[in-house]
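One chain, chain A, links the two complexes that follow: it is found with chain B in the first and with chain C in the second.
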Partner chain A sequence: MPGNRSLSTQRRGVRQDVVRLLTLLLPGLILLGMFTFYPILKMFIMSFFNWRIGYQQTSDFVGLQNYLAVFSDPVAGMALVNTLFYAVVTVPLQMALGLFVAVLIHRITRFSVTFRLLYYLPVITSWVVVALLFRYIFNNQGLLNYFLKDVAHLADGPVRWLSTRWMALSATTILGIWKGIGWNMVVFLAALQAVPLEQYEAASIDGLGAFGKFRYITLPNIKGTILFALVMLSIGAFNTFTPIMVITGGNPAHQTEVVLTWMYYQTFSATGKMGYAASLSFIVAALVAGIAILLFRFIRPEGEGKS
Partner chain B sequence: MNRNMLKPLAIVLVLLLVGLTAACSTVTPTAAPTATPVPSEPVTIQFWHNYDAGAGQIDVLKTLIAEFETANPDIKVNQVYLEWSALKNNVIAGATTGMLPDVLRGDIGFVPQFQSLNVLYEMSSLSDYATVAATVMEAPNSSARMGDKFYGIAANTNTKILFYNKAMFTAAGLTVPKTQDEMWTDALKLTGSGKIGFVEAWTGVWNVGQYIWSNGGDVLAPDNSTATGYINSPVAVATIQKLADLYKAGALSGPSMDPGAAGDTDGWKAGTYAMEIDGPWRPSLLASSGIDLGAVQMPAGSAGSIGVLGGEDFMMFKTSDAKHQEAAWKFIKFMVDEKAQVDMAKVGQMPVNKAAMTNADALAAMPLLPVFAEALKTAKARPVTPKWGDMENIIATKVAEAITGQKAVQKALDEAATEIDALIAAK
Partner chain C sequence: MKRARLSKALSYVLLALGAVVMVLPMVYMFTTSLRSNDATFSWPPRIFPTGSDLTFANYRYVLSEQNFVGYLSNTLFVAVVTTLATAVVASMLAYCIARLEFHGRRLLYGTIITTMLVPGLAMLVPQFELAVTFKLVDDLWGVIFFYSAWMTPFSTFLIKGFIDTIPRELDEAVRIDGGSIYTIFFRVIVPLASPSIAAVSIFNFLLPFEELGWSQTILKTDALRTMPVAITMFFQAHNRTDWGFVFAMTCCAMVPVILLYVLLQRYFITGLTSGAIKG
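== the complex of A and B ==
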């Protein structure tokens, strides 16, 4: 039957498409598998072993012992609290400031590119370089103490900014916020440009002020972007490593450790506690996934466009 | 676990962590089968080290390697510099992959740690090891001994003495302290208007052990069986309490206690720090700083002046084949011989070779050699036990908590003892 033939030709066509698709996808999938999925799987296995990395050493299966070790480790708890602190402070503040800058830049017609460049500059600068700069600012003999002591005469001696847990962490959050404003600005600027101008015009006719427009038109329109930024930045905050490593190194006595620096310490400064580090990273991954799900539940992007 | 499954991960790990240098450095050309003994392909041995380029040690090393290669045309030495922690991390990563050097010259503290990774070659099994070991000083070489076996041979040795800023002492009208009590009092007197009396770069046993030992205490039982009654003994508590008091008064500082504090070398150069108990590298690090540095024996505590034994050992690896091991051992013998040891002494490495210790050239190059030689007589090695790295990390953390006042000294050191004992129990 002619119908049958056309169907089989169609099928053959589909099969050819699938083959072609797979051929094109395969290199990417192989790379992704080798460098992303395989290590994740391997690490999951490692987290159940007392993983010995020594030459020709065998690893013993220890069940959930590594996970229990993480949960009973006071430093891991402290590192987690420090990470949460970093996330809770840096994420909303850099978003708010980034949005603020984006709104300002969005409205100006001249020098817009100049300002965008200036605000974006910290983003493209190396973390190590800016972290070192911040260390020089907050050092006992750093820039900040110089101003406080020698210029403004507000302090008698050098203030030990980095010697205690919360002060040192606050210094790193300032760095995190400063460095993140530019990224937020670019993301929000793009979102602002997509907001339909007619809505603003209609609102003007209805007599809505600048703040009202922002509250009832801008914010609902960029809700999806806000969620996107929130999720990306929260994940980013849990991946904080360089600023802590460079500015405090987790010192004094692990007080300023974040989860990644603690993981690094367990792997390299301690004698290769790979199993512990692997289970810690899975706990963190679960936590980040949980936070992301909560955020999606909390701010549903479906509100977009409704106003 | 299937070892083959490790390979892909190992490759990733090496690329990410070890970097290209280490990855490339292990690609050794296989020697062609030698039909005739004369024009054989040379064996290339990989040599990882942390000789100090700033002090000119790498230049001397290159010259020494050239001399060695001329004398041994069938051996090529490929030297790779790695900074202290990179050296350690690369061996940890290399333990998985088998990508390890043929010879390593590193901290004596690495020996027990690497031995626990099962990577070190037992050098006392070499037929002429005892003969060569007899030419080096016994105390430094004891750092390579675990049980009755040797997993290395001493490369250089050191201990620490008191360095002080002469100008600051003169300005304060102080004389050089003879006892540790005087040293602490002086530290307080020298502190103020931006100056800090004393600096300690870390809070591990490398730094605080000398004060506990000099006052008759210890950190572990002599047989390494327990820490209770040692690290938390009244002597240790009183010693750390003294340091805590100094920190509180602003007379003691260092980046591991206060991340905002200047590192020791930076602080010395800026004229901030007045005193430090440090090793033979200190003068060369301040050579062009214009700081007039004084150096004397570490002031004595109630039990004398007992410094910490430092230095480096040469180590060989199980992963090398017989041919490379033979070449590696030849190179090590060359490096511990008087000539190489004297050349290294000229750029700040204190020799272990007995003949080099009294060599006129070495003495001329290292004016402080007699001071250090005297200090070495009483210097004490840190415990040589496989878990020492973890134990010292525990002590460093707890001592930092005590010094910075986060915990009472007794409480912090009790916790250290408990944690170390748990580590010893977890065989």
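== the complex of A and C ==
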């Protein structure tokens, strides 16, 4: 039994403490049990059935058929590639840009609160709002094409941003980076402020330049924060739903679906393939968990082994 | 000395240029909301409206002829209840996991961390079935229960990280004075962990202003819609072209969130960082 020392010192209080412990634990256990743990288990079971919802419907056990259907479905493959593309492009770029902005704000003395507000504005604005805004800006007759064609003369005609797969995905990716910079800025700014100043002074005496200081002092000190941001943003990238839903709706011909929009479509489309959607969800969940564990294994900062 | 001043000036210039990129789309949204729907498709597009096509008609339409106040109060109701429920449940869980010994403690914490990795919307199918069973479809409580359950794991994780930094001697002192774990929780943990609870709460408060997938699945009646659903439906109902109306609505929807940020800016930052530094 794991250390009961603090309880056994007050034997009479033990029973009362158990009751109190339960009252503290139960609300959370019930909420999570009913609305999170149970659905996850249920999802796992559903993924092996040809699941039907509603009265007088029977669901047939189909074994691994749903999983096979996911793996042989070209749209599911495309959706996975699109999600990975979004993750691989947006996560490093928004981290790098956010860190760069944080370093700049850390150096200046005036207007830092103003800059923080301006860069943070897209973060607090809802995804639905910014997705609509980008849909308008990336329109064929939109502001961006006007700049590209009539102001900068970089394009001959209007760029058809939202009608082909990779162009539409690029537009969504630009949105993702633009919206994410502020979050990274705030997180990295806090990390920069926690780096001990003496280390920089010592480095100055050793004759390190600005880049040397960044490389040998700043980066090692903010390693934990980089890992934190990497994990949070990777989870977030797999969570992408609203921008695709609003900007392309998965069109043209499901070419811009990401895993969650494709799962949503499969669940509520006319055919309502719930078993298929459940197995797709489970694959995504397993993938996200796998990536998070890998990240922790590879860049776990030394000396932070405790839970 | 001169070089230092130069590099500082360069920092200001770069930051200002970046800030323009961040803010320009927002400004454009606001100025578009002040133009008539026809003018929003004029070529060349203009960032700033000229005097003649400046109008407040879009705002009049959104605020008086649409159920904007209803959508906002739905969203606020969901936000307040979800935030309170999550704050209570998560801080109690976090305290138990951080400080008390019981069977399955590690298992519970491990499970909570794992569920944090599962996207809330990924559980769509079983959650929808659950909502049908409990008659929560087309009900604001259907959104509240699930949002609270989605937000509890991450909130618990962050608050637990903060509680770990509170010295255990304080608990022992209450123990010696004959206090129970309730006393420790209410007199020591809650007051000292309040910055992290506040920060997590702000984060949770913003979810109903943000989340689309689940809310549009559950909320079918117009009178019950929260902001993201209402905006999406409004966009579709206006043939996806009445940008003046749409942006008037989105600008109004941003006001409460920006107010919240300006008032509570300090907590926005501590909340993010307590998680960042603890990892």
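Criterion: the second predicted complex is superposed on the first by the 271 of 307 C-alpha atoms of A that agree within 3 Å, B and C clash if a C-alpha of one lies under 4 Å from a C-alpha of the other, contacts with A are read in each partner's own complex, and residues count from 1 in each chain.
The working rule: a residue touches a chain if its C-beta (ideal position, glycine included) is under 8 Å from a C-beta of that chain, and two chains touch if they have at least 3 such contacts.
Note that the coordinates shown come from a computational prediction; the quantities given were computed from them, not determined experimentally.
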item: Touched partner set for A:268, first chain B, second chain C, both or neither; value: both
item: Touching partner for A:168 - first (chain B), second (chain C), both, neither; value: first
item: Chain B versus chain C as contact partner of A:20, first or second or both or neither; value: second
item: Contacts of A:67 with chain B and chain C, given as first, second, both or neither; value: neither
item: Greater chain A contact set [chain C / chain B]; value: C
item: First (chain B), second (chain C), both or neither touched by A:160; value: first
item: Which superposed partner A:247 touches (first chain B, second chain C, both, neither); value: first
item: Touched partner set for A:42, first chain B, second chain C, both or neither; value: both
item: Contacts of A:142 with chain B and chain C, given as first, second, both or neither; value: both
item: First (chain B), second (chain C), both or neither touched by A:255; value: first
item: On chain A, positions contacted by chain B and by chain C; value: 34-35, 38-39, 42, 53, 141-142, 268
item: Chain A partner contacts - residues on chain C that touch it in the complex; value: 7-8, 11-12, 14-15, 18-19, 21-23, 25-26, 28-29, 32, 40-41, 43-45, 47, 85, 88-90, 92-93, 95-96, 100-103, 105, 108-109, 111-112, 114-130, 132, 145-146, 148-150, 152-153, 156, 175, 180-182, 185, 206, 209-210, 212-213, 217, 227-228, 231-232, 235, 243, 246-247, 250, 253-254, 257-258, 260-262, 265, 268-269, 272-273, 275-277, 279
item: Parts of chain A lying in touch with chain B, wherever the complex brings them together; value: 34-35, 38-39, 42, 49, 53-59, 135, 138-142, 157-158, 160-163, 168, 247-249, 251-256, 268-272
item: Complex interface listing, chain A residues touching chain C; value: 1-4, 6-7, 10, 13, 16-17, 20-21, 24-25, 27-29, 31-32, 34-40, 42-43, 46, 51, 53, 101, 104-105, 107-108, 111, 115, 117-122, 124-130, 132-134, 136-137, 141-143, 146, 150, 178, 181-183, 186-187, 190-191, 194, 210, 224-225, 227-229, 235, 238-239, 241-242, 245-246, 260, 263-264, 267-268, 274, 277-278, 281, 284-285, 288-289, 292, 301, 304, 307
item: Complex contacts: residues of chain B adjacent to chain A; value: 1, 3, 5, 8-9, 12, 85, 88-89, 92-93, 95-96, 98, 100, 113, 116-119, 194, 250, 253, 255-262, 270, 272, 318-319, 387, 389-390, 393, 397-398, 400-401, 404, 406
